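In structure tokens below, several structures.
Shared between the two complexes below is chain A, which pairs with chain B and chain C, respectively.
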Partner chain A sequence: MAKISFNDIGISAIVTTTGGRRVTIDEEAERFGYDERTLKRLKRSMGFESRYVVADPSVCTSDLCVASAEKIFEACELERSEIEALLLVTQTPDYRAPSTAIIMQDRLGLSTDTVAFDINLGCSGFINGLYTAYCMIRSGLKKILLCVGDVASRFAYEGDRNLTPLMGDAGSAILIEAKEGIESHFVLHSDGSGYEHLIIPDGGCRHPFTARSLEAVPDSDGVPRRRVDMYMNGPEIFNFTIKVVPKMFRELLEYAHAQKEEVDYFVLHQANRYILQNIAKRLEVDASKLPMGTVGKYGNQNSASIPGTINAFLHEPFSSARQKVVFAGFGIGLSWGAVLTEVDRIYAPPIEHYQAGKGDEHA
Partner chain B sequence: MPDPIEKIVLDVIAEINEELQVDTLKHPDGDTKLFEALDSMAVLDFILGVEESLQREYGRYIQIANEKSMDPESTPFKTVESAVAFIRERVSDG
Partner chain C sequence: MREADLIEGIKEVIDTEMELSRETLLEEIDYYDSVAVLSLMSYFDELGVGVAPKDFEELKTVGDLVDLAGSILDDR
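Let's look at the complex of A and B:
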């Protein structure tokens, strides 16, 4: 049973950098030929306003994460030699091999004594990455840089009118170290029986990339997609979230012997408005304690959506006072997890938008 | 006096259909096919609308979404009548 508690380990800084180009829903409407009614529904029902994607197609996940990490080095008076591990959670690595985290070790000027590796996860990636980093601190390391993010706009087919308007690009860097008096309780789950519901079918060893992988074939709704693009079975993913997410909150609070009233903020993966509202209503939590606006303003940032939400909407409370928080991620895998922890006046500036060259001589 | 649950369902359908403009939903009755007239976004709108109205009517959150909501074969929202019956059951279950 993956329920784990940690003492005296915590987060010191969170920085998120989005892609540098803002695309509005009105621009998407023109591109995908939405009629006025559909556009109105997308704005009202889903809260879609805009998303941020990389302006230059050569900008990769590592570029966004390096920009975020550089800001931590600048602001936190942190010596590069102090970082003992660099973890990157992503589904859009710069190369299929080697691990992008190892390339980032060099770009960030970290010591060659640094442990560095990638973790292939999406929407639950921040929670699993945090858990891995906490385990490494418990094993004796002092300071860890956890990077999470994707250039998600790359894995949705440009003609896919269902998925493309959802995707936002972002990369976050999180500094984790020993912190006296901070308690954290994790619950983590995986269920591979649902792996086909969110999948990029071709390009791995099971279905290697072929010329056929690039053929755009319309699905039963007439939406074209290639086998190298992300496929999402919307109804199944909806069912999955309905089934597991509310249960996970009960499980977490019970495991941590905590009451929902003690929690200052619930920061969830920003997947869909229904599940966020559902959790807010079930927990009888005011919307101000459970932000829901990230996907509408920045797009679905995958593993960066929790830190992205903090930098976008909670930078002031997270920077100024001690907060008890629940973070929860759920999605591709299928994989889901949550942590109840505390943050105490961390470095959490407002969200940044990527500018080529800024802190990134390799972009 | 009209049945409150039926009224909620018909009001939410009318609200959604202001934007959708589906002919079969303009004057719905018990036999009206609901699920097949809605796209997935409209099904979510329907669920959210009904849950919000139930909360106002009964003073508590009653979840009507479940694992069958989006399944064309087993959804409880196939027709207006089946939706009303299912929601009534959920209200009784508390």
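Let's look at the complex of A and C:
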């Protein structure tokens, strides 16, 4: 079990850019032919209202992340030449190869002395990305840009009424550097025995892409999907979450010798409101300390959901005062992790929606 | 916990106005859908009953649901 602590390393800026198009659940109800009862149920139990996806299908993860990173360069006293590493956590890279992070090094005008590579993770990706960046700072690097996000609308099949209405597109950029007096404690887990519960089956070397990969075949619930799209076994993932996440919190607090009352905010991966309510109940944490509104408004933003929640709902407290926080991610892999840390008046502007502009590779 | 209390708990979790008995068919219950199954999984987990998603696949009646939690009932 990986448990690691760091001193004097912290986050200085968090910016999130969502896709530029807002889709409402009422529009999707019409498209998927939900009856009135199902629609009511989705709104009431799941909190579905709207989500943001890319307006133009040629907008990629890198475009959303570059827009977020540019905002950091505009707002913070930071030279591009100071960035020594660029990490991108994504499941929707611009190309099968090479790593999108390397292409972003050039687009962002970073030095060719920059370390850059992709990390293939989803909902636990922010925690694992943060951990990797902290390791690199401890190894001697000074400033790191961590980018996280997906254009999930590209891997959710348009006819999949279970997954598609859940998914939102977003890309975040996070600046990490030495910060005196900040302590962080990580716990990280992986369990590959559940890899089939969230999977894009075709297109890798195990099941190469063929003409059949594009056939939409109904599953046992009658929901059509192609083998190049993301499949989610909802009940298995829910069951995994309620079993491992509360246990991980207890483990983290015990490891960090902390009490949950000391924590100002619990920012969890925003799977959906229903799962978060169940976790909050088990943790006995007040709902005001555990935001749950991201999926309802923006969609499930995968690895960008924790930064996305900060920019959407916590930009004021994170910008104005020191906060003790727990971040926790859980999902595809299966993979889960959490960190107890502090943020001290960071640059965290309200969430942005993508507008095509200069520097776009696709434009 | 007594069986009658468990059935009352199930009714609350599913959020139905129907009166439930052991013989009630699950497919006839308003709101017995995928969200209801998640809610029941969560409810059973809180009661300390270990269940997996596949345990819910073959169930026909409220009695079958109750039997999943048989180990925690006092009146068995």
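Throughout what follows, the second predicted complex is superposed on the first by the 356 of 363 C-alpha atoms of A that agree within 3 Å, B and C clash if a C-alpha of one lies under 4 Å from a C-alpha of the other, contacts with A are read in each partner's own complex, and residues count from 1 in each chain.
Here is the rule we use: a residue touches a chain if its C-beta (ideal position, glycine included) is under 8 Å from a C-beta of that chain, and two chains touch if they have at least 3 such contacts.
What you see is a predicted model, and the numbers here were worked out from it, not measured in a lab.
After the overlay on chain A, what do you see for chain B versus chain C, clash or fit?
In the arrangement built by aligning on chain A, the partners chain C and chain B clash.
More residues of chain A are touched by which partner: chain B or chain C?
The larger set of chain A residues in touch belongs to B.
Looking at the overlay, what does A:Lys243 touch: chain B (first), chain C (second), both, or neither?
both
Given the touch rule stated above, what does A:Pro98 touch, chain B (first), chain C (second), both, or neither?
Neither partner.
Output check: A:Pro235 vs chain B and chain C. Expected answer is one of first, second, both, neither. What do you get?
both
Contacts for A:Glu284 in the overlay, against chain B (first) and chain C (second): which applies, first, second, both or neither?
A:Glu284 contacts chain B only, not chain C.
Based on the superposed arrangement, let me know which partner A:Lys40 touches: chain B (first), chain C (second), both, or neither?
First partner only.
Between chain B and chain C, whom does A:Pro218 touch in the aligned arrangement: first, second, both, or neither?
The answer is neither, since A:Pro218 touches no partner chain.
Looking at chain A, which of its residues have contacts with both chain B and chain C?
Touching chain B and chain C on chain A: residues 37, 41, 45-46, 234-236, 238-239, 242-243, 274, 278, 282.
Flag every residue of chain C that touches chain A in the complex, lowest number first.
Per the stated touch rule, the residues are 31, 33-35, 37-38, 41-42, 45-46, 51-53, 56.
So in the complex, which bits of chain A are touching chain B?
So the residues of chain A in touch with chain B come to 37, 40-42, 44-46, 234-236, 238-239, 242-243, 272-274, 277-278, 281-282, 284.
Would you tell me which residues of chain B are touching chain A in their complex?
Of all residues in chain B, those touching chain A are 19-21, 40-41, 44-45, 47-48, 51, 55, 61, 63, 65-67, 69-71.
In the complex, go through chain A and note every residue touching chain C.
Touching chain C from chain A are residues 37-38, 41, 45-46, 233-236, 238-239, 242-243, 274, 278, 282.
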